[in-house]
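Once you scroll down, you'll see the structures, which are given as structure tokens.
The following pair of complexes shares a single chain, chain A, combined with chain B in the former and chain C in the latter.
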Partner chain A sequence: MNKLLINAVLISALFFTAAPAKAAVNIFACEPEWGSLATEIGGDAVSVYVASTGRQDPHQVQARPSLIARARSADLVFCTGAELEVGWMPVVLRQAANGKIQPGSPGYLEAASVVSMKEIPQHLDRAEGDVHAAGNPHIQTDPRNFLPVVDALAARLAEIDPTHASIYKARHDAFVAKWRAAIRKWETEAAPLKGMQIAVQHKNWIYLLDWLGLRDVVALEPKPGVPPSSGYLSEVLAKVKASPVKMTIRAAYEDERPSQWLKQNAGVPAVELPFTVGGNDKAKDLFGLFDETIDHLMKGVRP
Partner chain B sequence: MKAKRMLGVCAFAATLRALSPAPAYAVTDEDLSQIRQSIKKLEVQHAEDAKHIKELEQRLKVAESMATGEATKAQASQGSPNETPLVTNYQATTSSVPAQAVGPAPAQSGAPTSAGAFNPAIGVTLMGTYAHFSHDPDNAPVPGFALGDEARSLATQGFSLGESEVSLSANIDQALYGQVVLSFPREGGANVEEGFIQTTSLPWGFMIKGGRFLSGIGYLNEQHQHAWDFLDAPLPYRAMLNNQLGDEGVQMRWTAPTETFLQFGAETLRGDSFPATPTHDGAGAQSVFVRAGGDVDESNSWLTSLAYYHADAKDLVTGIDSFTGATHLGIAGLVWKWAPNGNPVQRNLKLQSEFFFRRQDGTFDALAYRGDQTGFYGQAVYQFMPRWSVGARYDQVSANDVGADFAGTTLDNLDHTPHRYSGVLMYDTSEFGRFRLQYNYDDSAPQANQGVMLNYTVNLGAHGAHQY
Partner chain C sequence: MNMENFDLTILLPALLAGLLVLATHVPLGRQVLTRGIVFIDLALAQVAGLGIILMDTLGFEPHGWRAQAAACAAALVGALLLTWTQKRWAEVQEALVGTLFAAAACAGLLLLAHNPHGGEHLQDLLGGQILWTSPYDLIPVAILYAAVLAIWFGFRQRLGDLGFYLLFAVTVTASVQLVGIYLVFASLIVPALAVRRMREALQLPMGYAIGALGYAVGLLFSAMFDLPTGPVIVCALVAMMALTWMAERGKG
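== the complex of A and B ==
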């Protein structure tokens, strides 16, 4: 009886495995920015699945059954890394048990592994809040970080799928040229922001600040990932009064209340930035993401 | 001096980059000018110098140790930290850098440098509870059910340290993952709660797990107790599985290459756990299960499962009774999760329910016995704001009338349907700390028992990933 059932499972397993794969390379992107980048480089040669949206906190995505199903058939997992996905990807990878995408194999690419990381903690203690040993993982807020990542991605795609290597190379070169031009444009547009003092809601903007020369004088979270108490917010208020800030920036997925509170109590404009592709309706791709980011920052300065 | 060192780091990073199987795409003048700019910036921004240099020095240290390769590795394995500045070697490396290879420095800072880096991830779970029950929680029969050892008590009255757990896990190599979970009950001693290896790289969606593990027959069964929303097992788990089924054996799973999650699994087990005994030369229990799940939209997702478990028992002792025969158990489960825009941080809702059907066939205390039992629980947990959740649960079991032969015994259902109402309030200090206040109105024993439990559950060490 039980042997029969086990045999039935095995037979149905063989039946299902016979189904042919569709696209050349199945890419499982953890965050929307990497999904967009993969589409830019892969074009029709790849099929991209994005595991999270711009309205989700990338730290706290649930390891849903759909993610396991997609990872099961993926040829390449493309994530930020640096422990950003530590709360869910290990489960997805283990449950999917797909040898092609395990860490260390060609089908596993962490963007953070090729980017120069910032805010690497000197010592690790959970009392410091949600800190990442490898540094601040929110690398996608600086467009310059995409340059080494796109190199790594194109090389990896060529390794996994050599038949389309020339396509990846061509699309890579075209993207890089377009991207460099766009960076120059954004830098020109954002020139007035240089040296400006702002507040951040969560410490996930260090790469953006560094790129545009903005200075965050205060964070509305006492420690990364720890929601502010009313006592802490009054400290923030005192700080903001002593050292005025032009605006508070926050990511689209974050609770708007702390920055709205500062707006009401200190008249500091609250600016919601898309943070990633899909963070608002206009941030449809990587170019839209930074168009919107710069646009919102400039509007924050001159409402 | 500082600037010189900085240049050295950049150059070295470039070497690493040139050596790595990285892209052959040319690096342009812009990259060069970027680095020059950042150097200039460093020279100007004296205030930030100290911090930045510190960071760079750390990176340099890593780079040095990597450059020196085997020598450093040998040192590290002897337990000596990478204090020795191996500048000579490092300079030798940098002098051969082709200028055009300069690119953005890859992150090497997180690279492991000591033998300790290969230690498994260590996580510790601590639980402590204060419980107060209106009637003795150690005297809690469920009429119609012969309970396993663990299930005979509802909780420990008063203060108690729950099971403390230590889990160690790591990838063993490119093909295997291993995990051991040791638990330390307050009575003393240690148990191997789980200790298994599983494959990570089998082709065609197969996965095999072997050792001692929590069976995949139920949604709640596969989760560790400290990950449950409620502090205690629902009645069907308590009455039919002695709270939770863990056993030694082999599990095989196959995940279908479909967009909707579809997984089949089979287990063959030693039968060391209630309701089985290790008959048939230590292969006394088997199970099969199938699961399906997916997303309805961005905010809603689901997982459903169906499982069948079979166990043979020879002289399974439960208190003063003994059972010999076969147990057939079917479990059907559904879990539904909702989070606005798929972002559970602010608010989320989790609904879950499992139905149990069990048939036992054999002899109970030397009398011919055939029992048909059912049970289910339904629960909802709602996080109404960050860090705060409330939950409600209803659970019940029922056993058929097994006849006059068993009147007055454990199997006599006393015309009573054991059931319970529970409510829980949870407060999370962070992802790693949780306080819970649970209330039970327990009408499972012939005499209703009310209980209040206040509990903390915390995780130290490795950041465990959460199952769905």
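== the complex of A and C ==
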């Protein structure tokens, strides 16, 4: 009993003392890609907390105490927006009651607000499926989308923390140069994918498809959370027969069974892509994310 | 990990929500256990969810009081159905409760096949998250539960099957939205199981104590290790039950 007690005290002491050193700007990033981008630009001048992991559906985040605690001490909330976090972020903001990070203030940045959004519905028809009024929120699958976002982030950081403005500017410029070069490299590597027909497990790849010129013939799960009907699945098989696809792609956090089903029934290779930073072991930062994405796509074509 | 997670303004509303849920669920849970219908909470919550999906499918926007009314009305219909089956086929009531759960869940899925937004409503209803509770959310539930407790302790002898099922339906419809389906199940069944073999006079107070301790320990662990709060509390409640049993065995 005594030993247990001592252990408990030691463990708690460890937690209390392991608090991060006070950095100038506390950033609360909703998704790992924005956490990585914030680290690229902020360096040591910022302390970044990431609310979800790369293997988690960003629509659904479980309530943990640190979500509220970190939002309370945050100077900048950096999220995708476009209703991606609508299930949990409004509650976190309400519970945090932190005036600095409420929507509309300098401490609240939505990446989707500076990216040109796709699939914005012409008119809101509730029968159309997983409709996001602001367009498809999965913008991080196209590296070109990071360019306007990183501009907005650097400007916002300079506004919140003017003393480090020159650092943010320098790191921003260095990142943009490196990123543009990386995009050219990825585009060269992925050139053979242009015009290729593929299947997607769920319609969250529109930006990647557009970037690489891939064409999705069919989606296996038209509505998330609702099993497809047998009629729909035979329609999928018919479509795949009529216009053959090279592979089915799915995000790391998604169930592999639908794409495995198409592999068994139509011999279409199933390819898992990281989807965001941390989606697999090699996608450790933004560069790794797209290295891995291109690598897996190319392996899908030439196994 | 740091001190920030131990902020009382984060943990206290969650603890209050838990105590509020326990206040009604511990006494009702003992009754549920006696009747041998432990899945009744899942079944009625699922039926309440079906009510919201149905309303959405019929073209009404289920928000605010209208969603509550739809959920409550559906749960009450479910309660009436269960009262009737209790009278007709009492010997298979547990199986019928389970069947109602599966049937309501699948009927919901079928309606959702043509109603993409229903899934979100169902998620809102069944997936309540205790940490998201604000003291403001607790006031209407506190008033409702005060009435439930007054009826339960005042007129329990005269309630009969119908009264029990109706009271239960209203109670669970409120609690699933506050803390989610797993915590509702655990708050109902685990304290009742833990005190099952104690003296009659001890059962209710010990049930409350074990439940409250489970919530407190769960919240503390959730803050210490930054784990999702609902699941940690469920595990803590089960651990409290196991410790109670071990202590009982040790004594006698």
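In the analysis below, the second predicted complex is superposed on the first by the 271 of 303 C-alpha atoms of A that agree within 3 Å, B and C clash if a C-alpha of one lies under 4 Å from a C-alpha of the other, contacts with A are read in each partner's own complex, and residues count from 1 in each chain.
Rule of thumb we're sticking to: a residue touches a chain if its C-beta (ideal position, glycine included) is under 8 Å from a C-beta of that chain, and two chains touch if they have at least 3 such contacts.
Predicted, not measured: the structure shown is a model, and the values here were computed from it.
Asker: Tell me which of chain B and chain C touches more residues of chain A.
Answerer: Ranking chain B and chain C by residues of chain A touched puts B first.
Asker: Determine, under the contact definition given at the top, whether A:Q62 touches first (chain B), second (chain C), both, or neither.
Answerer: So A:Q62 meets both chain B and chain C here.
Asker: Does chain B (first) or chain C (second) touch A:S229, or do both, or does neither?
Answerer: second
Asker: Which of the two partners, first being chain B and second being chain C, lies in contact with A:P121: first, second, both, or neither?
Answerer: A:P121 sits against neither chain B nor chain C.
Asker: Mind working out whether A:R94 is in touch with chain B, chain C, both or neither, as first, second, both or neither?
Answerer: Both partners, chain B and chain C.
Asker: Could you tell me which stretches of chain A are touched by chain B in one complex and by chain C in the other?
Answerer: Residues 12, 16, 19, 60, 62-66, 68-70, 72-73, 87-88, 91, 94-95, 126, 129-130, 225-227, which sit in both footprints.
Asker: Would you mind writing out the residues of chain C in touch with chain A in their complex?
Answerer: Touch residues, chain C against chain A: 1-5, 7, 10-11, 109, 112-117, 119-120, 123, 129-132, 134, 222-224, 226-231.
Asker: Please give the residue numbers of chain A that touch chain C in the complex, ascending.
Answerer: The contact residues of chain A facing chain C are 11-12, 15-16, 18-20, 60, 62-70, 72-73, 87-88, 91, 94-95, 126-131, 223-227, 229.
Asker: Could you please specify the touching residues of chain B with respect to chain A in the complex?
Answerer: So the residues of chain B in touch with chain A come to 13, 21-25, 28, 30-31, 34, 54-55, 58, 103-107, 109-110, 171, 174-175, 177, 198-207, 253-266, 268, 286, 288, 291-295, 298, 301-303, 308, 310, 337, 339, 341-346, 386-387, 430-432, 463, 465-468.
Asker: Taking the touch rule as given, give the residues of chain A at its contact with chain B in the complex, in rising order.
Answerer: Residues 1-2, 5-6, 9, 12-13, 16-17, 19, 21, 52-53, 55-57, 60-66, 68-70, 72-73, 82-83, 86-91, 93-99, 102-105, 112-117, 120, 122, 126, 129-130, 133-135, 144-145, 147-148, 151-152, 154-155, 159, 169, 172-173, 176, 180, 225-227, 253, 255.
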